[in-house]
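A short worksheet on the structure shown next.
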Amino acid sequence: MRKYILKRVLYMILTLFLIATITFFLMKLLPGTPYQNQDKMSASQIHMMNEQYGLNKPVWQQYLIYIFGMVHGDLGISFQFSSQPVSYLIATRIGPSLQLGIQAMIVGSVLGILLGAFAAIRKNTWADTLATLLAILGMSIPNFVFAVLLQYILGFKLKLFPIALWDNFSSSILPTIALAMMPLAETARFMRTEMIDVLSSDYIMLARAKGLTQAGVVWHHALRNSLIPVITLAGPLAVNLMTGSMVVENIFSIPGIGEQFVKSITTNDYPTIMGVTMVYSFMLVIVILVVDILYGIIDPRIRLSGSEVSA
Amino acid sequence: MMWKQAKKIGLVAAASLMVVPLVGNAGTAKAATLAKDQTFKMMVPSELTTMDNSKMTDIYAATVMNNTNEGLYRLTSKNKAVPALATSVVKSTNNGLEYTFHLRHSKWSNGDPVTAKDFVYSWQRTVTPKTASQYAFLFEGIKNATAIADGKKQPSTLGVKAVDDYTLQVTMEKPVPYFDLLMANPTFFPQSKKVVEKYGSKYGTTATKQVYNGPFKLTKWNGTSLKWTLVKNKDYWDKSKVKLNTIQYQAVKDPSTALNLYQSKDLDDVTLSSEMAKQSANNKDKVIRKMASTFYLEYNQKKIPAFKNKKIREAISLTIDRQKLAKNVLSDGSTAAKGYVPEGLANDPKNGKDFSTEAQGAAEKTAVDYNLKKAKKLWAEGKKEVGIKKLNVELMGDDTDGSKKILEYMQNGMEKLPGLKVTNQNLPFKTRLSRSVDGKFDMVMTAWNGDFGDPITFMDLLTSTNSYNNGKWSNASYDKNVSASKNENAANPDARWQNLLDAENTLMTDEGVAPIYQKNEFHLVNPKVKGIVYHQTGSSYDYKTAYIAK
Amino acid sequence: MADEKMNLPKDAFEPLKAGEQLNNERIAAPSLTFLQDAWRRLKKNKAAVISLWVLIVIIVLAVGSIWFSPRNPNAQNATYANLPPKIGHGFWGFSGKANVAGAVVDAYKQAGVPKGTYYILGTDYLGRDLLSRILFGTRISLLVAFVATFFDLVIGVAYGMFSGWYGGRVDNIMQRILEVISSVPNLVVVILMIVVFKPGIFSISMAIAITGWITMARLVRAQTLKMKDQEFILAARTLGESTRKIALKHLLPNLSSTIIIQLMFTIPTAIFFEAFLSFIGIGISAPNASLGTLLNDGYKTFRFLPYQMWYPAAVLSIIMIAFNLLADGLRDAFDPRTRG
Amino acid sequence: MAARKKILQIKNLKQYFNIGKPDEVKAVDDVSFDIYEGETFGLVGESGSGKTTVGRSVIHLYNPTAGEILFNDRDIRKLKSTKEQLQFRREMQMIFQDPYASLNPRMKVKDIIAEGIDIHHLAKSSADRDAQVAHLLEVVGLNADHSTRYPYEFSGGQRQRIGIARALAVQPKFIIADEPISALDVSIQAQVVNLLQDLQEQHNLTYLFIAHDLSMVKYISDRIGVIHYGRLMEIATSDEIYANPLHPYTESLLSAVPVPDPQYERNRKPIPYDAAAHEGDDKKRQLVEIVPGHFVRASEDELPAYREKAEQYRAQLS
Amino acid sequence: MDNILEVKDLKINFGTFAGDVQAVRGVSFNLRKGETLAIVGETGSGKSVTTKAIMGLLDSNAKIASGSIMFAGEDLLKANAHEMAAINGNNIAEIIQDPMTSLDPTMTIGKQVSEPLRIHKSMSKEKAIARTKEVLALVGIQNAEARMKDYPHQFSGGQRQRIVIAMALVNYPKILIADEPTTALDVTIQAQILDLMTELQQKIDTSIIFITHDLGVVAGMADRVAVMYAGKIIEVGTVDEIFYDPKHPYTWGLINSMPTLDTKAKRLYAIPGTPPDLLDPPKGDAFAPRNEYALKIDTEMAPPFFPITATHSAATWLLHPDAPQVTPPPEIVRRQEVYQEMVDKGLDQPNNPEVKLNTPATD
């Protein structure tokens, strides 16, 4: 297992390195300079500025400097916030994003699992249809529509929660719900499929033959076995949450990195784009690694044989 | 100054002479009329990027700076310089080439005294190339500023000197008529050398890595946060005039969220854009903040040969119903362009008439007219002259909602010309900018906001050699007039004025660019908030005298 | 037990002659191709059938609107901007009345719209007919989805089949590559792609396609791995069939259900992703509309002009739901486990 | 018998998988045997014994790790040209175990059967192709009506017969039958076995019949090889191997076979086999001919015991 | 002997996309205390469906058209889910074919085996563990205590089947349903498992319904045999009656088509054709199309059961008084001769270890 993790970590590093490389060179393809007032600045100033940002060196040197800096946690200086290191920008912004992401992940997966399991147990009944429809609806309505509706109805009209802004836990409730819709829907659908699969397996039949009631079968056997594959959903869900956070953070004025990412795209803030990309990739890679390890821990077949799981 | 999403206004020196009439008189605020809670909640559409006035690039930073720090002068609601750290508004000597300021005794928020050396240090620091200030060009006119920025002279040779701790002497290279207004601009505010050196590259990156000498102190800003707070500065020399205890800033990027927050009284002042503004047109809290900016269309004559034909250009311009665009499409208080130089930017030194009004001749009118019939006629003639049957062009613009709509509207109008096929291309601001500069476009919607209250800030752009003349329109008469206004007639205000009027006229007659509209900002403001001083250009708001009425 | 008193004819107990023997190799069921069989199965799934019809109707309307659009989707009439829905003389929900600052006003009257002119789903901010815009947007969204799907199909299927078929080291390397690619947040790639290249239908489709094929490749690979040791593939090999032919004749048809189902999921994902891109401002460029851009315009004013959000949202949701239900239905129809 | 032609010679065949990895599998480990023209050679073993692997190596679905496979005296590993390979594919064919997995569910029966015809261009026209398919269907006891149907419409036995028709389509000389009946119901097994025997007679086919079902292998085979953990334990004629099993594994295997005879079953006592006891030491073992035609895997010091056992049996017979 | 279970006129249909499949078409049998009843039949003959019905484990698309299953005075078909749960694993237990899939992969075998104890006996944890250990040892799992903490994948196929048996037997059920319990196993392992089952049956005194298609296994395990074809039982009798004196042509074919190690016949006897599709079962006797002894009436009317002895009856018109006398295949005739000899000697007692008979002769 240790060897396996080590191998995975190596792959992880390789992956991140490749992502850094691709992002770097894609950024180099982007038109535009970071300066607003290019033509009002003196050549000498532009030179100095390029030097500050390291833009006057050959691309391969810039690349090496970037990679070297990244290894040391230095992601460069933001173009948009002058003098602000990207790493600081991310450090101060990641908290709300993580909090929202984790809350949404918990809400989404727990409710999704319950909904999916419920639908599977009531397979081919109206309850199943309703649950499935609910799940599909969750996947069918864009985040921003959800967010706006939640804000308007629950926040503005009913005044149950803060409309927006980021002050305390209660202000995280609406964005969490908006963000959790997609994971909830996906988890529910996946869970339903898995659960139906498991429920038709031999050992479930034998469990019934042992005298377990429906509830007992589900609780003691079906749930755990269906949950194992559902864990692999964590990767795609993490991606989902990242996408969602850009929208939700924007609408609810939450100081997170998703919101910042959108801003940095529209302002050509390359160092921030690259930095946030790296953070996203890093988080995703970590999620995938954790899923793999978790998979190994939860599934005894893998735990003991130590063989490789493909995510 | 380039526009970004109707947000990024340049840190502008001069203010226009235009006065925003709604602003109340600060002096009338009596204790009896004040609400108990003097907290003002302000929405901005963007984060605070820096508190280093050498590095500021956007209006929101400048506005905060203007309220937390202070320079020699402060501007009244009528855009008149009044003494701030300087004890009086001084007249220039030596033919406008020298100014001597006497400073009052005041303190930084860390207790240090503010001295003339702080000005010298700040100014030298800004023009030093290493600081890479994007606004060092505003120092142009002060002795050696340009040479220092070009790295040809040492920063210490800048024409500014601390005669003693409270006497500041400024030496000019040439007279700058709007010098007083510059002195009220945050770029010219003093900096504490001690503090700058203490924090080094981190100077001005958080609320605590800066010292303040203005009416308010900045707090709760970690450098990247979406909100920050200004609190009353008890060390401010004129603190008795300051009524507000706190100003809470909140960056909100979504217009409907902003409206919701305003209506639920979570915010006192919100900026609404596009549809939100349009839909709030009847709101009684509506406040239109006029701006000195023009949106205009440039034709790339270098890339599309047909654009060299004036009839073609004119035909295209005539297809755009600017009135309808401003009223029905934008509906956010913006107005149809009267000409290239926006209304209210500058007034005739002789008779006080607005430049755009004075320039409003027949040619001017035609250039911003809407006449589809004439357009089609000209288009047919133009096509024949150029020898083409049809024309496929791209129309480039920003990727903001507002810009998209405008482009769509314009495209629709243009395509009424037979054989003209327009493809819209909405790009992120900086991408659009660099493509414009590189000439990688057919037609581009450009926006410009006046740097200072003089038509030259616009006129300069379209000379044959200016790098911002993206369309490469070239006209000898125009170039001559602009050049004359800057050189031979620099000291002759009337002749200079006529040069600029002539240049505008030439530009419009020759359809060099097609002005579309003048941009304004749409606000909803809590009517209880009074005494805000607003400037059409520069650091928009001054809250020194603002208060919340009962 | 046996009823001994039964009256049975004498000849009942004569042995059957050879000719009278029944056909003992008889197949009772009608002959159906795989697809016919799947179709029969699908027909039992009401939700899927309804979805299929809904999609057909939507596609026909969207495509048909090229020729038979109620109005020109790009024709502007700024004075008629933001007119609420109205049908005929107006009735509930389609009255042409708008609530402006608390007062209900007849928006059509205010805008000076002549009698008899009405917009079924209202107009947008430039006075364009929303119904035509929605039809147009649906077409563009579907186009984006289909283009993305096509690449998904080509790249994903080919990659998956190749990786699975060759197995061993080739597979190993290809899987590692896939692993790396899938660790890149796809939205980042998409955004970078669109920022680097010109936003437009093609680059958006490409961007979605470039990141979208991973799942397809994985599924196809897994199926191929499973299939390549299936005896019918071995049989083809023992007969001397070439690899290329095996892939085309044996693998591909048997992968088809996997592929079709995955495509059914890819299409809505692509439509959705396009909508998201529109939200962050890098979607389809104007005046072209997609459901995403319409929704993006609509949500901003939904407090005042709710119809501008609800109608595109409804169409998008219906398409998404229909594709998802159809995909579910197809999965059941193709899945041999449910075979009766 | 010695005069008969050896159609297939397998010499020291080794087939390892995942070589060099922790999960290396020696599926076939040093197996040698010959098959004579026209005979049926049964290869018997339990699951995981490597019997299927042998079959697949012989028909060159796998590349052997080591050893030689001579078909008609030509090493199949050295067939270079496409033509030679195609020729080999025509002469040797395979019948598979799983009647559900061995037919492409997306193809019509006639296309499945004609696949070989198409590959080897054995039909002059499409009418000829149809005729050949119809004939093959008839040969395997189905009729031409069935040719347009899809595999799933058939029962297991019918499908297996379609599989046989497919193999026959290229007129092979040698057929590897890889557990062709183990997935079939009892009543159907006999049909297929009878069919295989009829075909052998009519076409002078040689079979390598792989199975775990000892009674059927015994019935159909002329000679039998017993394989265990990738190694051949014993080779002899089928009568001899049943009547006089020498290797304890063979004995154990035989003793475990249930027989549809209650009286016999009541008395049957399975003989356990302990692999560790017989293969646990590191003595060198190989197939040794104890009596003519009867080979046993043994080490030098085990030989006398086996010889004696063989003697006893001979004595009993006479 | 007491009947512990009585199945009467059971009819079960399955709703499929193509229509209703009549999987079980009127099955009646009873199970006696302590006996092993083998149900023999080919794939799709309805034997598994019948036992699933007994345990209430039919799939949701199954419809029980008629019949009753009486156990301890109650009709199991009328029991609700909770009543069924109380019986399953306690009074009736099951073993199924594939040991690789019949254990929950994520639960230790100790837990799985002790589950029926906790459900039905509300036993304390310690007692349950002790009992589990005991039962595991009983089925031949070595080092049972330590291995209880292991997961299914850590056991070989044979061991797993032993665990499944332990799980089924842990509550000493009155009835054990073994659905092809050795089909997936190698012959040597099969022999061990069968031995184990016989041994345990005697120890815990349970009745077994043994489902299989392997006549060899039946011969060794069963006391009585029911032969199923196309959803019906067509012959039932003691193991000796079925193997030595079968009356139904299908049974003849079944026995005859299986070579023994001694079969020397040039050709095997094969039942021609294919079993009928139960979506549309043929009129009359479903076996008729494949029956070389078919009579005209077979195509008209399904035959009733004709009793042969007290324990033996068969559903074939050949037993009708009016039917022509037919000669069974030679192998059957040979068996009948053997049987006659046995009857003469009074040896036709099943499961009598004393009984020895000459090894069956060859023809």
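Here the chain labels run A, B, C, D and E in written order, and each chain numbers its own residues starting at 1.
The criterion applied here is as follows: a residue touches a chain if its C-beta (ideal position, glycine included) is under 8 Å from a C-beta of that chain, and two chains touch if they have at least 3 such contacts.
The chain lineup, named per UniProt: A, C = Oligopeptide ABC transporter permease; B = Peptide ABC transporter substrate-binding protein; D, E = ABC transporter ATP-binding protein.
The structure displayed is predicted, hence computed values, not measured ones.
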Each chain counted as touching subunit A and subunit C at once: B, E
Touch-network distance, subunit A to subunit E, counted in steps: 1
For subunit C paired with subunit E, centre-to-centre distance based on mean C-alpha positions, whole Å: 49
Centre distance in Å when subunit A and subunit D are each reduced to the mean of their C-alpha atoms: 55
Cα-centroid distance, subunit D relative to subunit E, in whole angstrom: 31
Residues within subunit D bordering two or more other chains: 154, 158
Residues of subunit C touching at least two other chains: 25, 27, 29, 195, 281-282, 299, 302-303, 339
Shared interface positions of subunit E, touching two or more other chains: 272, 274
Touching chain combinations (by label order): A-B, A-C, A-E, B-C, C-D, C-E, D-E
In the complex with subunit C, residue positions of subunit E that touch it: 14-18, 21, 272-274, 276-277, 279-280, 282, 288-290, 293-300, 303-307, 313, 317, 319-324, 326
Parts of subunit B lying in touch with subunit C, wherever the complex brings them together: 255-256, 259-260, 274-276, 278-279, 282-283, 321, 324-325, 328-329, 399-401, 404-405, 407-409, 411-412, 423-428, 431
Footprint of subunit D on subunit C - complex, ascending: 25, 27, 29, 31-34, 37, 230-232, 234-241, 249-250, 253-254, 256, 339
Subunit B contact footprint on subunit A (complex, rising order): 30-45, 47-49, 52, 80-84, 88-89, 92-93, 148, 151-152, 155-156, 159, 163-166, 250-255, 259-260, 263, 265-268
Subunit D to subunit C touching residues, read off their complex: 56, 59, 61, 85-86, 89-90, 92-94, 96-98, 101-107, 112, 115-116, 119-120, 141-143, 146, 148-150, 152-154, 158, 163, 166-167, 170
